[in-house]
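Each of the next two complexes has chain A plus one other chain: chain B in the first, chain C in the second.
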Partner chain A sequence: MGRTIPSITLAFLEEQDSLKRFRRALRKADQQALDDLLAAARQHLAPAGYAAYPLPLETFLLAMLLEEHKEVMRLRTMVESRDRE
Partner chain B sequence: MKLRGWLFDIYPAGQDGAAIWLIGEDGKRYQFLQPFPLTFYAAGPLHRLRDLWRFLSRQDKPPMLSRTERRDLFQSGPIPVMGITVGDQESLQGIFLKTQSSFPDLDYYDVDLNLALRYSARYQTFPLALCDLETEGRQIKAVTPLETPWEMDSALPPLRILRLEPDSDPNHSQPARLEIQYGRASYTLPLDPARPLLMDLNAILKQYDPDLILTRWGDTWLMPHLFKLSRDANIPILFNRDRSQEVAILDERSYFSYGQIVYRGQQVHFFGRWHIDSNNALLYQDFELDGIYETARVTRLPVQTSARVSPGTGISSMQIITALQQGILVPWRKQQGERFKTALDLIHRDQGGLVYQPLVGVHENVAELDFVSMYPGLMVRFNISPETAGETAGDPENLAPFPGDTPGLVPQTLAPLLEKRLKLKTRIRTLSKWDIRLKSDQARATAHKWLLVTCFGYLGYKNARFGRIEAHEAVTAYGREALLRAKESAEGLDCTVLQLYVDGLWIKHAGWKNPGDFVPVLDAIIGNTRLPIVLEGVYRWIAFLPSRQDQRVPVPNRYFGVFQDGTIKVRGVEARRRDTAQFISRAQMEILEILARAQNAIELPNYLPLVKELIRERSMDLKAGRIPLEDLIISQRLGRELEGYKKPSPAARAAHQLIQTGKQVKPGQRVRFLLTRGLPGVHAWDSQVPLDMRSLNIPLYSELLKRAIHAILQPLGLSQHAIFQASLFK
Partner chain C sequence: MDILPALAQGRLCLAVIHPAMGHAWLMEPMASLAERGPIQVIDGGNHFNAYRLAKAIGGHGLDPTPVLRQVFVSRSFTCHQLAACLSLVTSRPLPLIVLDFLATFQDESVPLHERRKLFNVCLWRLRQISRTGPILITAKANTEFIGPLAENCDQILQTELKPLPATLPLFQDR
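Presenting the complex of A and B:
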């Protein structure tokens, strides 16, 4: 038993770790925003694992974009409903 | 003579072949002998087999040799092999050692098999099977089993059970007395002086002639202690019914299993009588004797062995039986490597089950749907076995079975077990809680569960005789497809999927709250996957928890909730962990029991005053020293040898204290300790060194309690600060 390929969670943690220097050099407020993006990507580890891309970072970036778009849609709906009122 | 009774025990009896014990329907205990020739096989180039033939023919006692063909599961067709037959187990070991050292280049099969398994395969018997025997004197002439291991209700023999137990945990304090119980009779014998103890014990053994001696700490302390007293006083103890045999003592060992180190204590086996140490029997807490008997019946391993071995050995034994019955060779040392794959192929195939991050928070009217025994079910349904799934990846996306004229070895082995478990589970649902069959059915279903859970791991375990990583990967691939189809079916009916976890999904739908509302989803999933799935239940409310380190990050399989019947289900929190102090687990469960009174999520805050009061009380109890020390014990496994620690863990520090007091601690063993102030920060519970009560680290216990409570209350929107303001933690 045992895995040859690291699990998607491990792959994510490796990618997160590789961003350490980038994160350190960001301003504090930007660090917070980056952490939010990473937390968003983490919500979609299962689909990223299932997709099994050779470069998992691609799916992590897509997952961040997906969560951002959901937030845009949520805000758009809110604005539109306020406009209607 | 014709005799009917239950097969009790089988073991090698030197040159006599096999010793067979029977509990007759007449209530008598019989011992018989039966010549039982054993064959192992050698395979390789024909000229080497000819050399081997000549070599074996020249031996002092040459074995019987034969040329034949057998099937190696990992090769396409039958292969020519040489059969080497000897009269008994001891001769087999002797001749094999000579053969293997002179012909190491050959492949060997059917070498190291348990005699009881060989016997079961030849005569379709199993432990506790009702059989008809034809005997002549002490010899068995014919055996006819009257049942199979797959009967739902078999009458077990009326076993005589004697319980032996020291009056205290010998790891913690030196016992002074031996407590003995047989039915309603009970005795207490002082452990010192030895002579009257041994004589009384022998008298009790003679009077009751038990079939089973059930002990606590029997393997690791009581039996070794009694044997020492017996040797010193020169009074043999009559534990074995078969006086021609010595009691067997198997050494303790530590081994790796599923990434962690496991410790198995020394074992003491009797002959003609069973010894089971409930502290050393694997899973005894889960299924007690009913589960042990059932494991023995379906795995065909002797009862004393099946009580102590892992479910992996059990499933392996079942596969060996299937192989022996079908003339498939059982490899001595398997040399089956992973098939060559491209990197991309490897990335696609080397995956586990699908595990989704849940939608964190409290949800109402959530249905939990579980595939029934999903992985073994997939193996049976889609014919996943080392010989079928070895070469191709199959077609998981279309859920198409692996081709084969007959089911593979693994599906064949699992099918009857799976069927029996399903029947038992179905019956359990219909039984009232007073039905006398309920406890036994539950224990047996649990025994089956462990075997079925392990069969998946064993399929990918490189040392398993019938393991093959490609078959293991195929199971997960079919499992992912089934779960994704389930998700799509649920979403197709407008359900929100809250969590997916390997073989289960948690869903909700606006307006649905009765079990019947979710039936269309079940039907849709069954239609899409052709796999059985059941509704585990509907939660009044369920809370999926985030990571402790980062509240934004959801964690799979960390939740608690209350089903509509009030049953609480908890996963991944302190109360489920074996290394949590009882006091903390209990406090967490007490809070959950209060919250479980809420009929819906909106009512939850109504119960917070009661929760706060409970927290205040428990906190006061802790600070006032009212918690029994036993409830503060933390029990952790020692992960490696003590020298292997760079920074010793609390368990390692406690183990060090034990060693200083002359005790032995092996990797994998659990070490019990209390948390203390200062260095080394722990007090080994079993060190027998008195504890200064003032040294207990109450602030640290308070902190652990806080964390456990916060894990439960955080989903209700309460911060640690808000909760602990109201309590006496501040």
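Presenting the complex of A and C:
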């Protein structure tokens, strides 16, 4: 019937809501960047829910880093392939 | 609101909450209690949020996981389950927090006489448990049974809705 912990989506929305004032104070371009980071974290809600860490923000931050690292790896591969040409 | 000084063995402490107010304010004192030792929580209105509690514990500079292990939560969704939860509470001198005690008694699918009977059973049990450890009960104001509950409690705390913080102006007027 009930849940031991709230769903990870609810936890994510709560964390997102707590960043509202911070987001509002950012420049438009930075707001866009923050939205992209949050969208990146949202892609990993299922693993974050499975992990069920007591502080979900840490998992969301790690998910953001993960997506950033994937992007770095993609760009690195691209640069390396161009260097070879 | 600092509720910790109000908690004492042999006393029933009631926190009457504004209906529009959640239980987020309770996480800080609950974290302080859990840091000292095990606590029991009976959740009558599905208000217990482990994430918020973990955040409050983390705010004290502690690792939330071992402290959360000291919090024993039981949830009840009907007044019968609430009575059963209370009957199963161990008579150890542990603090007991009953969240939204009256929520399950608002269920109109249970006949009024039965709800009243169960309410009295729960009150009697709470009184019995309070002999071994401190008890905090939270209940929303303007709900059925709040009067009899308040009459049976030794201390009543009122929580108030805090006004929203004023928005800071972007530019100072000169």
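Just so we're on the same page, the second predicted complex is superposed on the first by the 84 of 85 C-alpha atoms of A that agree within 3 Å, B and C clash if a C-alpha of one lies under 4 Å from a C-alpha of the other, contacts with A are read in each partner's own complex, and residues count from 1 in each chain.
By definition in this document, a residue touches a chain if its C-beta (ideal position, glycine included) is under 8 Å from a C-beta of that chain, and two chains touch if they have at least 3 such contacts.
Quick caveat, the model's predicted, so the values are computed rather than measured.
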Residues of chain A touched by chain B versus by chain C: which partner has the larger set? B
Tell me which partner A:Pro54 touches in the superposition: chain B (first), chain C (second), both or neither. both
Where does A:Ser7 make contact in the superposed view: on chain B (first), on chain C (second), on both, or on neither? first
Is A:Leu26 contacted by the first partner chain B, the second partner chain C, both or neither? neither
In the overlay, answer first, second, both or neither for which of chain B and chain C A:Met73 touches. neither
Does chain B (first) or chain C (second) touch A:Asp36, or do both, or does neither? first
Chain B versus chain C as contact partner of A:Leu45, first or second or both or neither: first
Residue overlap on chain A between the chain B interface and the chain C interface 1-2, 4-5, 54
Per the touch rule above, chain A residues touching chain B in the complex are 1-5, 7, 35-36, 39, 42-46, 49-50, 52-54
Where on chain A does chain C make contact in their complex? 1-2, 4-6, 11, 14, 54-56
Complex contacts: residues of chain C adjacent to chain A: 46, 49-51, 54-55, 57-58, 64-65, 68, 73, 75, 77
Flag every residue of chain B that touches chain A in the complex, lowest number first. 258, 343-344, 346-348, 350-352, 354-357, 457, 460-462, 472, 480, 484, 500, 550, 552-554
